[in-house]
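You will see two complexes here that share subunit A, one where it goes with subunit B and one where it goes with subunit C.
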Partner chain A sequence: MGVKKILLACSSGMSTSLLVTKMQQYVKSIGDEAEIWAVGQDQAKAEMAKADVVLIGPQMSFLKSELQKEADKYDVKVDVIDMVAYGMADGKKVYEQALRLMGENQ
Partner chain B sequence: MSQSMFDKLSHVLVPIAGKLNNNRYLQVLRDAFMLAFPFTIFGSIAVVIMNLPFLDKVMSEGAIKALQAALGVAPQATMNIMTLFVVFGIGYYLSRSYEVESIFGGAIALVSFLMVTPFSTSVEGKGIVENVLALDRLGAKGMFLGMIVAFLSAEIYRFIVQKNFTIKMPAGVPPAVAKSFSALIPAVSTLTVFLAINIIVTQVFHTNLHDAIYKLVQTPLVGLGSGIIATLIAIFCIQILWFFGLHGQIIVNSVMDPIWNTLALENLNAYTKTGHVPHVITKQFIDTYTVGMGGTGMTLAVVFAILFFMKSKQMRQVPKLAIGPGIFNVNEPVIFGLPIVMNPLILFPWIIAPMVVTLVTYLAMSSGLVPPPTGVTVPWTVPIFINGILATNSLAGGLLQLVNFAIVLIIWFPFLKFIDRMNVRKEQEAEETPQSQSA
Partner chain C sequence: MNEANIDVLTNEQIGFQLILHSGNARSKVLEALRQSRQGDEARAAALLKEAEEDLNRAHHIHFQMIQREASDEKIEFSLILMHAEDHLMSTLTMKELVKELIEWGKQRL
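For the complex of A and B:
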């Protein structure tokens, strides 16, 4: 599958950017390769064409159906990040969540 | 409240939040205000420099006057004509959301707004001066008219474009030329509507739309938004939404921002002229005194309480992650990590503390103890104390935040302690169990 591309989105891309660092650390530690980046909700639609999977912060859960509609065009899955994993900035858990979603895609 | 009741409420709130957030007009309004943001920051920096509190001690009066004359154009060209950015932004983003040529949508909105703006103003002692635009009509005073005209004009424009009443150029004509021709009929029709409206208002009613909308719409709405009751209701809604894990500000602010921003502009206009401000509650009041203390719910105090007074391992995980972002008012680690979301033990302090602090701040400012925010834009990520000083241009503004910090701490403390004790007991039990097995 090559480099996995994971897009994170929240209100302004600030709190998800915390998670990006944690996820990248985890990805490196297990020797995987992934491109992970965070954006605000207004850019999410424009950026999702470049992504394999889109994860949104739990505080934006109401965006899921709207974003999924757009993501269907690119055959990309959108999901809400698990609340506890988000709060604890648990890079491992969120990365695994992303992998699971991508697995469903193949 | 039981967990199932929370779930039920959440099922009601999530779709409402989604509808509000995804509403086309509110989304456009939010983006349009963001267009003005970099410019208002630029203007704000100039205002802060011009009004540094120690300036009169290090500079002569003449030098201060020269400095103010030199920098004065910065807020004039940015914040004082903010309505122009908002009008253009609404026209642009609304057209874009309908996928019609957006740059023309923005320009048509701007011209439509100017079409209903008087090109004359009355100056004391000189009567009516022709061929000028009054600056205040392009700023705070014209804000609501600007929003109304921009939305209407963009709707008319896109309607005509989508109905295909446009001139089509043959292939081979350069795209820029073809685009300006295809915008011709929609532009002419839209502007005709606003010209006609302006003729009726000025000739039949002998007034202008600016004064009419200002009196009939803006003054009552802004008056409502500047009251403490409306503000407390807004804060309550924000806290409740976050309790259900939804971004409260995105939803509530999209309704309140036009009002709070207008109040802030009025404050700034008065401040640069007289040094005094008319309103206590403004955009900066909300940003600095409800968000600017560690994020929504003023959670920096909560993080400190845990760091210094709580013992359970589970709780002590929170400050490790939360303190860095918390200083810059990002607090998702507290909200989802403590967690605050759907945690009935925390519902009470989560909602009461911000309301008490808002009330205390309001009373401190309306009584004259602490000066209200001047209206300069301070980004919401500026840390506590510094943002308080910048927003009010006084040390008292920062000190008030420290008092508020203590209030939040006191309200939260018994609840945190209760949760902490439960956690400690659980952790001890978990430690004892394997030991007894090995023995």
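For the complex of A and C:
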């Protein structure tokens, strides 16, 4: 796998933008390479074709099955960000969750 | 999930905790409306109750913040905290409206 592409989505793309920064800091610290970006809920479907995995905030977990249906077209997994990791703004844990999901896809 | 004690959290984490609990509530409120629309009123009621428990967790954090401010301890303001407040307030509004919508839907049957 080349550069890992991780899409984060939440209702306005704001809290996940901060999480992106945290994840990028962690990725850099371990010498990994990943493209991580955040969008709001309305853009999630349009952006997911470019991603290897999609992680969504708790405020849009009710949209998970709808988003997964769309993501199936690109063979991409969608999951809700782990609650503990989200609540602590833990970039390392969220990145590891993304890696696990991508692993399941290979 | 345990009730968070804000003393062990950074300001940023306090914001994320508020968004987490309001966000869980938001998802459950909207899911409740969907369930009601599909005729499962029991599931809808259970989801609304769960949403209220999530909102209580958010209120518990909020309460500690207000207490902290009342004891003249400055709370550092940030965009993420303002955003968290928006989340909490909009979810409260959403919950009240969805409750009414569900009742309205029942009357129309």
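What we mean here is this: the second predicted complex is superposed on the first by the 106 of 106 C-alpha atoms of A that agree within 3 Å, B and C clash if a C-alpha of one lies under 4 Å from a C-alpha of the other, contacts with A are read in each partner's own complex, and residues count from 1 in each chain.
As a convention for this text, a contact is a pair of C-beta atoms (placed from the backbone, for glycine too) under 8 Å apart; a residue touches a chain by one contact, two chains touch by 3 or more.
Not measured: the values here are computed from a predicted model.
Aligned on subunit A, subunit B and subunit C: do they clash or fit?
They clash: once the shared chain is superposed, the two partners overlap in space.
Would you mind checking which one, subunit B or subunit C, touches more residues on subunit A?
Of subunit B and subunit C, more residues of subunit A lie in contact with B.
Once the shared chain is lined up, is A:Gln43 touching subunit B (first), subunit C (second), both, or neither of them?
neither
Who does A:Leu18 touch here: subunit B (first), subunit C (second), both, or neither?
both
Between subunit B and subunit C, whom does A:Gln68 touch in the aligned arrangement: first, second, both, or neither?
It touches nothing on subunit B or subunit C.
On subunit A, which stretch or stretches are contacted by subunit B in one complex as well as by subunit C in the other?
In the superposed arrangement, which is not itself an observed complex, subunit A uses residues 10-11, 14-15, 18, 57-62, 83, 86-89 for both subunit B and subunit C.
For subunit B, which residues count as touching subunit A in their complex?
Contacts found on subunit B: 14-15, 17-18, 21-22, 31, 242, 245-247, 249-250, 317, 321, 325, 330, 332-339, 341, 381.
So in the complex, the part of subunit A that touches subunit B is made up of which residues?
10-11, 14-15, 18, 41-42, 57-63, 65-66, 83-84, 86-89
Any idea which subunit A residues touch subunit C in the complex?
The contact residues of subunit A facing subunit C are 10-12, 14-15, 18, 57-62, 83, 86-89.
Which stretch or stretches of subunit C touch subunit A in the complex?
Going through subunit C, the ones touching subunit A are 1, 4, 9, 12-13, 15-17, 19-20, 22-24, 26-28, 30-31, 34, 79-80, 83-84, 87.
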